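Sharing a structure here in structure tokens format.
For reference, chains read A, B, C and D in written order, and residue numbers begin at 1 within each chain.
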Amino acid sequence: MIKAGIFGATGYSGVELAQILQRHLDVEILFATSQSFVGQWLDEVYPQAPHLPLIAGEEAPLEQADVVFLCLPHAAAANTAVRALAADCRVIDLSADFRLRDAAVYEAWYNAPHPAPDLLATAVYGLTEHVRCQLPDAQLVANPGCYPTSVLLALRPLLQAGVPLAGPIIADSKSGVSGAGRTPKQTTHFVEAANNFSPYKIGRVHRHLPEMEQFIHQFASDAQLIFSPHLLPVPRGILSTIYAPIGSGMSQTDLRRLFLDAYAAEPFVRVLPAGQLATLAHVTHTNRCAIGLTEAGDTLILTSAIDNLVKGAAGQAVQNMNVMMNLEETSGLR
Amino acid sequence: MIKAGIFGATGYSGVELAQILQRHLDVEILFATSQSFVGQWLDEVYPQAPHLPLIAGEEAPLEQADVVFLCLPHAAAANTAVRALAADCRVIDLSADFRLRDAAVYEAWYNAPHPAPDLLATAVYGLTEHVRCQLPDAQLVANPGCYPTSVLLALRPLLQAGVPLAGPIIADSKSGVSGAGRTPKQTTHFVEAANNFSPYKIGRVHRHLPEMEQFIHQFASDAQLIFSPHLLPVPRGILSTIYAPIGSGMSQTDLRRLFLDAYAAEPFVRVLPAGQLATLAHVTHTNRCAIGLTEAGDTLILTSAIDNLVKGAAGQAVQNMNVMMNLEETSGLR
Amino acid sequence: MIKAGIFGATGYSGVELAQILQRHLDVEILFATSQSFVGQWLDEVYPQAPHLPLIAGEEAPLEQADVVFLCLPHAAAANTAVRALAADCRVIDLSADFRLRDAAVYEAWYNAPHPAPDLLATAVYGLTEHVRCQLPDAQLVANPGCYPTSVLLALRPLLQAGVPLAGPIIADSKSGVSGAGRTPKQTTHFVEAANNFSPYKIGRVHRHLPEMEQFIHQFASDAQLIFSPHLLPVPRGILSTIYAPIGSGMSQTDLRRLFLDAYAAEPFVRVLPAGQLATLAHVTHTNRCAIGLTEAGDTLILTSAIDNLVKGAAGQAVQNMNVMMNLEETSGLR
Amino acid sequence: MIKAGIFGATGYSGVELAQILQRHLDVEILFATSQSFVGQWLDEVYPQAPHLPLIAGEEAPLEQADVVFLCLPHAAAANTAVRALAADCRVIDLSADFRLRDAAVYEAWYNAPHPAPDLLATAVYGLTEHVRCQLPDAQLVANPGCYPTSVLLALRPLLQAGVPLAGPIIADSKSGVSGAGRTPKQTTHFVEAANNFSPYKIGRVHRHLPEMEQFIHQFASDAQLIFSPHLLPVPRGILSTIYAPIGSGMSQTDLRRLFLDAYAAEPFVRVLPAGQLATLAHVTHTNRCAIGLTEAGDTLILTSAIDNLVKGAAGQAVQNMNVMMNLEETSGLR
């Protein structure tokens, strides 16, 4: 029985994680921390959540844990990772702290020096399908961002095959409101989000952009990405519509073949039949990614859907844990 | 041209009022105040609102105003009313401060002494259809609460006719989220309000209860009300389903006749044809109240729908102003 | 391994059932029928559903099935039940066909003679918590309606204890749109249901009324029920706010004790702590019923929430099957 | 007083038009037709609509009308236009029948010969801001499609200035559900549209594509458009996120200047301040188009928002009528 701890169990990713781990037959939740609700129970905060006591982060019994999940704000996550690694826990960090390999890039985008730059080189960027073989040895996994998961799973077959690009890739992404976090804000007020639809931080300014470009540049060092996030009036789900200008003369059949080959054996990635497009209905409340392919002249249009709280956060974190711990990869996720 | 001032223009009632007054051909908006957005423009806060500068409440040029609307928290409203009346403005208060005639009842429900108890006797409770003839002479109008407007317009024909009641009246009311105000709270977060439906403060504990009972007791001094508000996942609108145990042997035809007679000449109250029930679709974005009548044995079931921000707040406030100022009652409200 | 068949797998209850049975470790789905989608796969109709071929009802291999679930329109369900019982299947009918014990009452409410009146006496009305001990021997179970489940679970402790009622019980119920079925109608069009809230068939005219009164009259033969259903702009969930005029002088503590005693050992019914009210957030996507108790004078206000597709349909059907088959009652339902 | 007739008043565009014309001080609604509701009143179908009798299309008193609006399916619209023009009415057609100038293109996209090809040359494509000076003489106006209005108003300043394009333009558009029409379909069922978000007909297959390319090709004969419509879970509103690869070295300031100059005097088009993006909240229930400009390298990202039923249909139709009839352009539309 694996003993797992959750830091930050009362945010949306944290409670999703608690629910998944509760169903997981090989895991016992050792502790759950909260900043605002210490002394209460998790199901007092979310009526459907497991009945877990909420303790302060500083009181977490790290020495008894096998693995800890960090659902904390950036910087707080890195500091907790340092403590947890020192206590010999394996760490799966759902924050952005260990996703960027270069501390200078981190500082540029997060306006503060990295709290633990020495750990950056050891962290594995946990897009499970891409790094499966590195996970069993990983001590520290940087769980990918929600938008990057939807975009990178869709682009990966193209990038791995070295398909040349004739211009910038455009990712027009739409996310449900839970992506904005649980702290109430004007933009997440029901009255302002319902019946509305809003782009925000479009172009080259969202913090998920460098995370995606770092991945892309491993394969195509000068590829450029334009990223346009939008706020969708649904609680959960991300759909990314991705425009890739294909610079080769590859046929639609060959492109489709690349995707089918890349994901044929994957339990959680589904390449949709020709003519079918990905929608949120394919994926919400599951750990799946659905990918549709459409051609328009020389542009390949990819539609890629995930649940931002599952495959985009807590689900992929558990998938990573399963592989790290040599469990069945799908345990707790069906 | 009537010069009107709005205190608290950046709350939901305030901005609704600004939009109505902007369309009103006989009114000029002299000023609009805000606590949080002084120095900005109203359409920076709400993209569809009029382009009005936002000033601090203390800087409002009261001496130039004919009428002021108070869309302020309770207590702040009473204090502003005192200032405005001293400057010879007529005052329409959308807060609860002047709705209860008895300062002791106010103190019991609002946990603080009334800030201006001397004014209570002069305030007119502005359920327009009921007090139309008192409005032209009123200096201070207490605009009714949103729930009370939906419930009292429905009960009024019964009360006025002295129809005996055989037990407590039950008002099971459902309100859109804008009724909870603009300040972001956990309960108004999109992720928690969407797909949800919640009763709150049911029974005899909501602050609108004494307001309704005060009205009812004018006609039936021992009638009792049970009031169950619920939060509905829509931005605006209230539907009250009201159960009145009729103690007489009045026929359905006679009961319907009471309602038709009471509201035949009313521009904003519509008694629906037999068999039709009130829904939010009848009333949202209008100043109307739609009332349906259904019988179940000796119980009369009334369905009463309004838009909480219009007939339940800003619209009724303008309707009151129109009558106070001898304007066409429907000006700005069609 | 129990072999189960689903008649009508492409309606909302049917696909919910398919998803639950798919997760159920002791059950194999032998077949799934459809009227409109014969020859297709269930996951072509619902992208998240299990990958099951859809066959015509007439081709169902009844002789190999242990149990069949009927998610069919009324009359069609009764006719299929006759066939299935003849083939020695046990039958769980989610339609209304076997809920009313009196064929004359059925005819009065459904405007047609009952298709199989001889079976009425043998059917068990499957409110699991109430008839648990009769289920192991039942061949034919009438799964309760969604509204009745929410109302009757809440009233049952009062009825069983014989608490006297001083007047009609009022059930003001609000249901998500899936309760109206999958066939597209004007009232279920997104544009007309979103931002709206509508009462319908209120008073004593909805077909779930005789089903509820039949249950109630077992305990209080002259009790009367007023039932007001409303359409709520959410996909799933029912909240019933129930007003019971308590004719005894029972204290709040004693009333609460009745409920706690009635449901202490129940895995799926939760009596909420004092001061807490049931909401949809307590129950959606679960087989739970949450019940809150509030007093207002002599009226007990019960708030009772279920997911109409789970405890109100497919989940309770599986719960019934589990008890019938001597399986763990919660199998497949956690 | 202008006498106007509405063909097809019970669709979403038709009823929106009836509501706008009802408020229009210079217009009298002479008749309103319906196919499904002949003999009923419009406010029986939509509780907030004007109280207008619904007659059959064949009984419309064309000879008394000054102008007729066609809110009919394609083909039916063209046939009615022929009749109305013969009766000397001016015609504003909200269908697609007169938008494409080439009957062969029409036939290719609508799979049927054009019903009135001789009229195509006389029809004015009524993007009001673009063809204002042609409208006073027009007998037949083809009101633009909803998606084209949002896309073309955004592209027009670039096209008119002859800014060179370095590749295909991409329009990633998101529309509220009313764009799919009032006839209930599975995709517009509340349960399937709520919480969902779906691309459809993306690439080069939607019928609005040739309409947009026809406009674009007037300025840039070889420009190519990729068009990706998506269904958004809101009742109304379109947001198009448009990616234009700018082939010149134009500065952001110069590009912004083009837009400000193009729309400085327009009552209904608002170029947003630098840094602001268009959202549905800017435009729903108004005749406005809000346009935001963002640069990402050599790509200009335009965000363009309209209300699909107002500026995208009925509002623009009335705007066109106002200009045709030499009325104030904004009459009835504020």
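Keep in mind that, in the parts below, contacts are C-beta pairs under 8 Å (C-beta built on N, C-alpha and C of every residue); 3 or more make two chains touch, one makes a residue touch a chain.
Computed from a predicted structure; not experimentally measured.
Among the remaining chains, those touching subunit B as well as subunit C are A, D. Chain centres computed from CA atoms place C at the largest separation from subunit D.
For the pair subunit C and subunit D, the distance between C-alpha centroids works out to 46 Å.
Computed from the mean C-alpha positions, the centre of subunit A lies at a distance of 38 Å from the centre of subunit C. Under the contact definition stated at the top, the residues of subunit A that touch 2 or more other chains are 194-195, 233-236, 279, 281, 284.
The touching residues of subunit D, counted against subunit A in their complex, run 166-168, 170, 172, 174, 192, 194-200, 202-204, 224, 226, 228, 230, 232-237, 239, 241, 243, 245, 277-281, 284, 292, 294-297, 299, 301, 303. On subunit C, the positions that touch subunit A within their shared complex are 23, 46-48, 195, 279, 281-286, 290, 334. Residue ranges of subunit A in contact with subunit B, taken from their complex: 12, 176-178, 182, 184-186, 188-191, 193-195, 233-236.
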